[in-house]
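Quick one: structure below, then a few questions.
So that you can tell them apart, the chains are marked A, B, C and D in the order they are listed, and the count of residues begins at 1 in each.
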């Protein structure tokens, strides 16, 4: 009987043959069927889509690609499988065939990722395909599908199911929890990788070895859990994610760039053909956006981000849940079109105050999106007592992060303005009232 | 006018002359007056006192000395001074002379540390000198005092004052907050160093560079604070400390060894002459204890820790604040003599239950000491708004750590027993009742 | 009198204000005049030129930019200056003004770097501008020149002189040796950075701290030297460079890609307008090359490198100086046009042998270029004896590297062929004779 | 059929159970039979013998123990076995039983190491047991032997044979080459570990992963070799060893301490009972030496090393092979008694010159010992051509290290003198002649 540890890719972790190297000094084992996948045009495209998009305008070295990240996630899939293969319940629930589908899914989980995917999805605009549905066409119609069928003897539909449908049996539920959850292979790779390329230590601040050594199944046997010896390591990983949000993903400069991109896309999306647009590489997509924008307002915004001269909007004000609860509440989690209209209304008001024209696109409002960060729930298995408890229940720190700190403290409401206005605007001494006025006129 | 940055040791950070190297690849600048200090017998003694005492019975590489740690703290003192010298209020409040006393204090802060100091202090026994008072005699009477007077032109009494008295002016309050507080040079060194030598990543999980770059003064100008760009780094350091308590300092094996040491010392302390005992190196002190113990119960306990064959007591049960509030409450923070008597009572009870003699010293109770961990209070300076807020107020995570997680979650009540009894004791199926019975008989 | 340490950028190393972060956790201090430079179109272009070009086809994460590298070199310029400012002879020879020109030169040293610069320069084709001369136009004509004049009060011509002319006085000779030599700021950055992004340890294997701490001037006082305490660190850096050549820069897969690029450029260069071409970003330049190539042979070569599907030529044979001295000697250091013609001749011969058409561009010869790697000569200052000796003389290892190992062992002669031919070609059992035949027909 | 990978300790590398942690974040798997070994008095003794002895007088944190090192070597034994188990020839030649003996030998290879073993062995005095023979008694007579017989089902004699006898069959030859050779598990651990604890980067400068991934057998199938993809990694490891000799093991301060220890031992050894002495812990052995020395010359030397006040002799002169060939040749590799007598002769001469009494033990000569460093010979397997070549032949760097740099450049002849004499002695302006005079009088 062959087992999970006999899957060629899992076995190759030990034999160290056919490796490709990615930071931080990881050997990623490439079998010939993996090479077949990564040399397809669909997968190569990921080498032209950056992992962090606009972050590189603030952290200039953070230009790493989804190609690199996908290799990292694929490697972790092997490591998780090798580790869990020693767990009796796992070995019984997950067949070798299921495990191979999981490996393919890990490698391909970002195949449908288009450039600047997250800021665009946060707009919640009609006509924007769901990221998962979009990915399916890549998997089912392109060359990747052929490779899966012929070289992997896998039905691409099974990969699609694992990546985008509600799991229907124990095996799938387990595998889905390894792809998406508080301690999944995606986060475990990107926290570390984003941190490394940004040049900050935060996302590498957790004990991977310890976490890997304590992987197990939850009480009902249908999802990933962590044994108690990994509890602190799990807390550390949740905390690392918080710090990366605080210092990188929601850095105010990054949010300024994001607000610029969002407004430009919002202005343009009516005249864009999204399906082909989202199949392009990052460079090509930027070129298309610039073409559509011409030298209108969207064009000016895009030029600041991608043009020959970097020009980011400046922070005029920020409101936090803690300090400025009222204004925060009135702007956070509002639909984007409302937010854009409100910012334009505010531009009118400050035009009046300054006695000069402030163009609508010169003021941007940035606010926490409707979707909250979740994924703190994982069970801890106390092995001596053979009891399972949710992490949040046995960790006040994780509970504090989940309930308060993550969305409410890290994600601020911010007002950005074009640098040519910022000095004048900072002279206005009753900004909160002007802002209230704009909100009330909505 | 000479300034803090002209102090020879601070200047030597840049000139990189006369260095001694300590992990992790730190160059510690040694001027000739520093060499004079570290070559005295009092200071050399620190090279024969380990930083973590009994921890090395569980983490075998963690045998680093207070000598190494003292060099690390001294180096950080220079780094802090160099950084804060750029802060106007600091430069105004702290004279060059005060700064030199601070450097000497940093180098000498552990001079009076006797081996196994913390477990012994936690016993709160009469006749045990306060650690600080004890240190003073080293500073005032020995050769170190001479070096301070002649080579440093410093009155040793000023170092004593800084290290052990309530600060009486602004300058002292600032310097004391750099020696002892949530972001002090002592913790910043030991968290990193203990973690490195134990072979775990936890205590190195914070961004020293960022913390150093954000040092400033608090609102009233008489204590260390952190500017907002260092807020997350401060959260990380508080969290790192929690993890080190959880995984190293209060590891159950370490607590077993600590409980053995405490009981042995408790049994012996009546016949020990503490003052000379506490002036010995670690090896010499162990030899003295062994001599006093002979082959009685204390001797057996000490043999397990320091004899040719390592023998640690095993964990019979543990009670946490969260899971077992009632039993936890009845044992936590009790005076040690009560706890020892209760354990002996319990030994009588289990003797009865097992139908065999369980010697009094074969059962040990370990419980959180009366003194709680504190030191979470530091102000964060929000520079844009020029507002100061306590870290706990702007960080739910730190607040959760401070209020709940630190003492209540990390520190457990534990019952340890000699390995030769453990299998039989684990058969007893009504342990909590037996324990209640013991408590009630007190 | 203001000194080198008062230059705002040098001072900012300590104050830690206005930082940008690059790997590996380096804080790069940005003053406003530095921001002015890096926001110009000329400098931003470097964020679209990769440091290692084709290496990313083998090490997929090595896509870091010349922008990041330039920031790294600029930071090292400050560190070198700060260190050397403590050297009396240096402080006397180099004025504050000269040091500011040096800082600007460090930041701008790669401004004229066009994409794939090294492989193209190795072709030695007529009409290819010298890299340095080309850079001058960027410095003298563009916006960077304006910023230097207005914000730095520097004549851009002085930067040009330092970067591309033979130094005419002591100060210049010193500064030039810091920009280009065995221990220069360029190599010290790129070895580390390339290694980090490739995911290999080799280029980080030297002790930067120690090297920095031992910087001094040579015997005649007009160039960088290393004091004896840095001798081993210098050997380590020379060795690290060798290993990076062996494992990364001259990796056989990287050379296959380089050979493809070189042949394509060689085929196309007659119809390219090089000056505007070399001013483009990497993506734009590739697009131009692809346009010029159409679907001819050059187009096929480029498609394998940059097209939707990666296709690298395979290694048919390799000849080393040591093992195959004769064939090695007959191909190494030959002019590129000769090498290309010889490869085409070989294609004719193997067509005959295989009885099928092998197209001229399906066979590529790769050989060590005419220019040898140099830069091993730096003096070591033996401080006790106050004697200066060349590093090669006191280090047999460096001498071995310089004389033999670098060019002769690392750089091989290689024959690459299109994958569709490789299996058949590998059946030919008298390859060396066929190769001799081709050479003789030249 | 059970295989090498089924040996419980090898299997435990993956299951991550029962671990003990040592730097640098290594998990060492402890099975119950390994715990039995390490809890014996013989093995516990290693926790009281430092790895580097006198080095900690210069690198104060380098106090790590042979206990820690033994765990590190044992772990590497498992890693080597796991890797080589995939090599067909290895799997055929080495039985599971042989592999278990190898694991035990790795764990126990330092069991007979007495404190300050290397400096004492270098004296080549009669009556000093060979280190290996001495170890045998620990293995055959003590409790370790019992554990091997009962818990491991291993005849201790087989471990002795592997550790100290000339291997007599293929399997033994292979295993011996893994224990002792250029890429053995001992060096691979100690280079890294010594470097880490000393706080220097040098000994960690090689790519362990790559080396491990390229382990194979040599041409005749009876010894370890490295495949060509590991060639540079092997060069790096040889180079790392050179740098550690240069900067740590033969650091001039370390040699001063060594010379002091050697002279003291030389003076005392007639009255010491070596066999029991060498069975002590480091602290106990120092106490014995001090007792034997009283307050005579040896006592003074020992007091400088181990007394309350550190006092190291100062370097008066040093002679290198390169610079001072003649004097170097006349002193290097001389028998210790000759060297000591010559130093005493020199003391007489300088007494005359200075017009004051210089005591015989106030002058120490230190010279490279008779035994040269070897172990550069390992074969590289060029897999494409299936050819084996000695590393030295394909690496000029390694050849340079082996033939010249290692002994001749790193190991100097040095003259040390008591600090109270050093200033006067440094005034003598014809030192080389005085030295020649001393040599000629021998």
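Assume a contact is a pair of C-beta atoms (placed from the backbone, for glycine too) under 8 Å apart; a residue touches a chain by one contact, two chains touch by 3 or more.
Treat the numbers as computed from the prediction; the structure is a model and nothing was measured.
Novice: Which chains are shared contacts of chain B and chain C?
Specialist: Looking at chain C and chain B together, the chains touching each of them are A, D.
Novice: Give me the fewest steps it takes to get from chain B to chain D if each step has to go to a chain it touches.
Specialist: 1
Novice: Return the chain pair with more inter-chain C-beta contacts, choosing between C-D and A-D.
Specialist: It is C-D, judged by the count of C-beta pairs in contact.
Novice: At the interface of chain A with chain B, does the proportion of residue numbers present on both copies reach over half, so same, or stay under half, so different?
Specialist: Shared-number fraction above one half, so same.
Novice: Using Cα averages as centroids, what's the distance between chain A and chain C in whole Å?
Specialist: Each chain reduced to its C-alpha mean, chain A and chain C end up 35 Å apart.
Novice: With chain centres defined as C-alpha means, what is the inter-centre distance between chain C and chain D in Å?
Specialist: Roughly 41 Å separates the two chain centres.
Novice: Which whole number of Å gives the spacing of the CA centres of chain A and chain D?
Specialist: 51
Novice: Which chain C residues sit where two or more other chains touch them?
Specialist: Residues 25, 200-201 of chain C each touch two or more of the other chains.
Novice: Of all residues in chain A, which touch chain B in the complex?
Specialist: 200-202, 205-207, 232, 235-236, 239, 242-243, 246-247, 322, 394-397, 399-401, 403-405, 409
Novice: Which positions of chain A touch chain D when the two form their complex?
Specialist: My answer: residues 14-16, 19, 25, 27, 82-83, 86, 209, 212-213.
Novice: Would you tell me which residues of chain D are touching chain B in their complex?
Specialist: Against chain B, chain D makes touches at 20-26, 39-41, 44-45, 47, 56, 59-61, 63-65, 67-68, 71, 196-201, 283, 308-311.
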